[in-house]
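Each of the next two complexes has chain A plus one other chain: chain B in the first, chain C in the second.
Up next is the complex of A and B:
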């Protein structure tokens, strides 16, 4: 019998695998990373020596538990690390592993593809030394490196303060934390955030720790430019009506997270616009069922709810898969997981209130700003395309300007391009739509495609 | 030259075996378990040049999403530097353009 397949071995994927194994199945678990854990609990190579406490701080217990769960599954799942799912069709996934392509059929598919930083570009963001906040964190956790000697962290969202804390704690020099949110936003969010008091306390504790250790925190800061010729030399920003420049040799930037939805898209899932996340997201019911039979969505890949929720959603989605296969599951457990997931939503709204999306970003973006870092397309070019063609749909703009058509397929520029288009054509971000996913959803070497006998029609890299 | 100065700074895990490779024709040393990105950027300021602007690039997301760290090898290959582990004898070129 064809086994179920899980894509992504982060918190959602590991808990999904665990639930399937507990019910006697042997799922295939496909992941791009060499070791299970996902981005949030990403594990360094096996011979690295830092303790879990050093790597994950306040999240060490959760990280260790997830890693232990993954390790305990080793003999019970078909774990395929270092494997990229680049296409999906007809009940099978096309997977690139070690330079070769294999086709993996599935009966029941859990998509747990996670998230990346939501990026709002500023001039200079393509300079060497500018990374995402998540990237800055990966450098430290996975490689024991800081992104520079003097680091500015900017944008907004909980990750901003977490990375600042982790960097300062590890001995890096954090020159400043520039938060686009106002303190008033964070105060206004308190009632909602008090629904998860321990998470709120952790956030407050990071801020207090940073202040106690002399790390400057500037709220209501508006980054204007990452300064530099061949590499990052500083950050210019506006605060309280004044423009200031901070010298630094590295920048970590991001405005919360965005879901990796390409696979759900290729598989034909229906999407809805989510006002809170300002993004089109694949539909899923409380159990994680998508609009496509046999396809389940779990974790941040289908909407940002965080790592704890991802674990619950992963398990719940696996139970749904089992139910749909006619396997008896613990209905009380399923309901309890759904209750927990529903219970975290007020806090999620609180986070959005505390770290609001800067909705005036597009209006303030200079024409010279490079929006698409793959193909070097500027805000001015996008606006000119809108003016000249009347484009008012993001896929039309993509066809006309090539924005979102480069190697990253809009992962880095999609949010910015959508905001710019909506502003330029006078529609809402809901109305201008979403960038459609296309295979290969990540670049695949032509050598792998031509060596593959499983594929009749080789496709070029994106 | 800005590209000669390293970007990444090692803070931990420095007690690892060394790995010899070649960067732009010069001998270079990394540590076992480094990604290609770490191996290069701990001694150098870029991985590639963008094929449209010709400006230097040094990765961005470090998690396989942005595709802005594809580095060239002397064999004419391209490697995604954030997701490839450095191996002895690799010959890397930081002046390549795009993937």
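Up next is the complex of A and C:
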């Protein structure tokens, strides 16, 4: 019998696997990383010796628990690490692993593909030494190294303060935290955020800790430029009507996260626009059922709700998969998970209020600003394309300008390009649409593809 | 419910390279044109095809049309305001056997007189000209003035040029209903906002590509057209090494290196998602990858970054339908280019404009008449040309 498959071994994927195993199934668990844990609880290589407390700080308990859960599953799941799902078609996933392609049929599929940083470019962001916040964090957690010795972290969102804390704790010098949100935003968000007091307290604690350790925090800061010749030398920003420059040798930047929805797209999920996240996201019900029968969505890959919610959603989605297979599940547990997930939504709205998306970014972006790194497409080129051709759809803009046509396929530049297009053509972000998903989700070597044409697995029998 | 009404000389259904270049040619003749496109002009097959601009290898029946197109391609900037990355880079058709060389030689002899200037290349000269070529290639036929262009830029640019010349382009406007009678045609459309729109014209050009069969059938001329979905893929940008656009005798892979450095690969068949959408198929991609490495071994280390497909109309003889309807006065067809419409598209547009204005074309098109698919006269139910009938709504995405 074809087993269920889970894509992504982060908080959602691990909890989904655990629930399936508890009901007697042996799922396939596919993940790009060598070890389970996801990005948020990313584990260092096995021989690294830093403690969980040093690696994850306040998140150590959760991280350790998730890793323990993943380790306990080792004999009960078909774990396929270092494996990239690059295509899906006809009831099977196409997976790149160790330079070879394999085809993984599934009966029931949980997509828990996680998120990457939502990046809004600033001049100089292509200099060596400029990272995303998530990238900066991965360097620390996975490689045990910092992106620089004197680091500026900027943008907005909870990750900003967490990364600052983790860097400072690890011994890096955090030259400044530049938050584009105003203190007033954070105060205004308090009533909503009080719905999750412990999470709120954790955020407040990071800020207090950073202040106590002399890390400058500048709110309502607007980054103007990452300065440098050969590499990052500083950040110029505007604050309170004044322009300042801080010296640094590395920058971590990001404005919260964006969902990795390409696989859901290739699988044929219907998408809706989510105003809160300014993004088109795959439809899912409270249990995680997508618009495609047998396909379940969990975690940040279907909408950003954070690691705790991902654990609950992963378990709930697995229970839905079981229910739909006719397996008896604990209905009370399922309802409790749904309640918790619903309960986190006010806090989620609060976060958006506390760290609002800088909706004026597109209006302020200079014509010279490079939006698409892969294809070196500037804001000015995008605006000219809109002006000359009347393009008012993101796929049309891609076709005419090459934005999003490079190696990242719009995963990094898509948000910025969409914002610029909407501003330039006078439509909303919803109306200009979303980049169509096209295989491969990430680049695949021709050698791996051609090797697989020699050995074809038989069609999966459903 | 706003109702908008256009009265024009010529209505065109379909804003691909054929419909758009027809609109441009008609405007240059001074005729009034309204073009209806259910999506965006040049966003379907015309905009996502391989981008080959090739005469070599076409059946002789198409060479006069291809020659006319070749001349138009040479004037692209003055005509549409951009070169669309068009380059007469050469098109090289590869032979993998002595038998392949024989058929390439035969084609060269047959096509003499059409100014293709084909040159057969083998042996040491072949290796000197293209050291990157794999061992299976034994020779090939070069058409030096054939080439390539960027379909994403060229096809929409024809539409914009037509618009600048005064054509009315109605994009995101699916045709819901066509009524034809002795007074001409009425086309109706309802957009997503619920607004209705009506176009009246004595002449109607059917340039709806893979979806043109419905309109033809409505006026009593059903055609055995099927939809095909060429599988396409592109590598990451690579250092420049190849000028020619490559094909293989007998079919299979084709590839070219674009100015940016990416290699565009095509071959095999993609997958229809529904009547409107298609994508590359996993089997096709893996076969394509194997063929690409066989053709150019150094591609072993390259990465594929994107795949796609489109929806093209194919008739059994792989020749298009181009000419006046035999059942409905004023209706003119131009569709079914079997995956090879990009190069001839601009000439087809001019031919359609001539047919609209003069009732005949200066380019021979006899091989493409729709009457070749006429139902035998014994058929008991020949549809009435004047019967108003609705086209089933094209679902729109």
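Here, the second predicted complex is superposed on the first by the 453 of 462 C-alpha atoms of A that agree within 3 Å, B and C clash if a C-alpha of one lies under 4 Å from a C-alpha of the other, contacts with A are read in each partner's own complex, and residues count from 1 in each chain.
The rule we apply is simple: contacts are C-beta pairs under 8 Å (C-beta built on N, C-alpha and C of every residue); 3 or more make two chains touch, one makes a residue touch a chain.
Note that the structure is a prediction, hence the values are computed from the model and not measured.
Student: In the overlaid three-chain picture, which partner chain does A:172 touch, first (chain B) or second (chain C), both, or neither?
Tutor: first
Student: I'd like to know which partner A:449 touches here: chain B for first, chain C for second, both or neither.
Tutor: A:449 sits against chain C, while chain B stays out of touch.
Student: In the overlaid three-chain picture, which partner chain does A:407 touch, first (chain B) or second (chain C), both, or neither?
Tutor: both
Student: Quick one: is A:268 in contact with chain B, with chain C, with both, or with neither? Answer first, second, both or neither.
Tutor: second
Student: Just to be sure I read the superposition right, which of the two partners does A:146 touch: chain B = first, chain C = second, or both, or neither?
Tutor: Once the two structures are laid over each other on A, A:146 reaches chain B alone.
Student: For the three-chain arrangement built by superposition, which of chain B and chain C touches the greater number of chain A residues?
Tutor: Chain A has more residues touched by B than by the other partner.
Student: Once the shared chain is lined up, is A:223 touching chain B (first), chain C (second), both, or neither of them?
Tutor: In the superposition, A:223 contacts neither chain B nor chain C.
Student: State whether A:116 touches chain B only (first), chain C only (second), both chains, or neither.
Tutor: Touch status of A:116: first partner only.
Student: Who does A:250 touch here: chain B (first), chain C (second), both, or neither?
Tutor: A:250 contacts chain B only, not chain C.
Student: For A:396 in the superposed arrangement: first (chain B), second (chain C), both or neither?
Tutor: Second partner only.
Student: Identify the overlap between the chain B-contacting and the chain C-contacting residues of chain A.
Tutor: 375, 406-407, 443, 445
Student: Enumerate the contact residues on chain A facing chain B in the complex.
Tutor: By the definition above, chain A touches chain B via 32, 34, 39, 44-45, 47-50, 54, 84, 116-117, 126-132, 134-136, 138-140, 142-149, 170-172, 229-231, 249-250, 260, 370, 373-376, 406-408, 411-412, 442-443, 445, 461.
Student: Mind listing the chain A positions that touch chain C in their complex?
Tutor: 87, 89, 94, 101, 103, 268, 375, 389, 393, 395-396, 399-400, 402, 405-407, 409, 438-440, 443-447, 449-450, 452-454, 456
Student: Show which residues of chain B lie in contact with chain A when the two form their complex.
Tutor: Residues in contact with chain A: 1-3, 5, 7-16, 32-35, 38, 42, 45-46, 50, 52-53, 55-68, 70, 78, 80, 82-83, 85, 98-99.
Student: Which part of chain C faces chain A closely enough to touch in the complex?
Tutor: Chain C reaches chain A through residues 40, 43, 47, 152-153, 156, 160, 235-237, 260, 271, 273, 279-283, 285-290, 292-293, 299-308.
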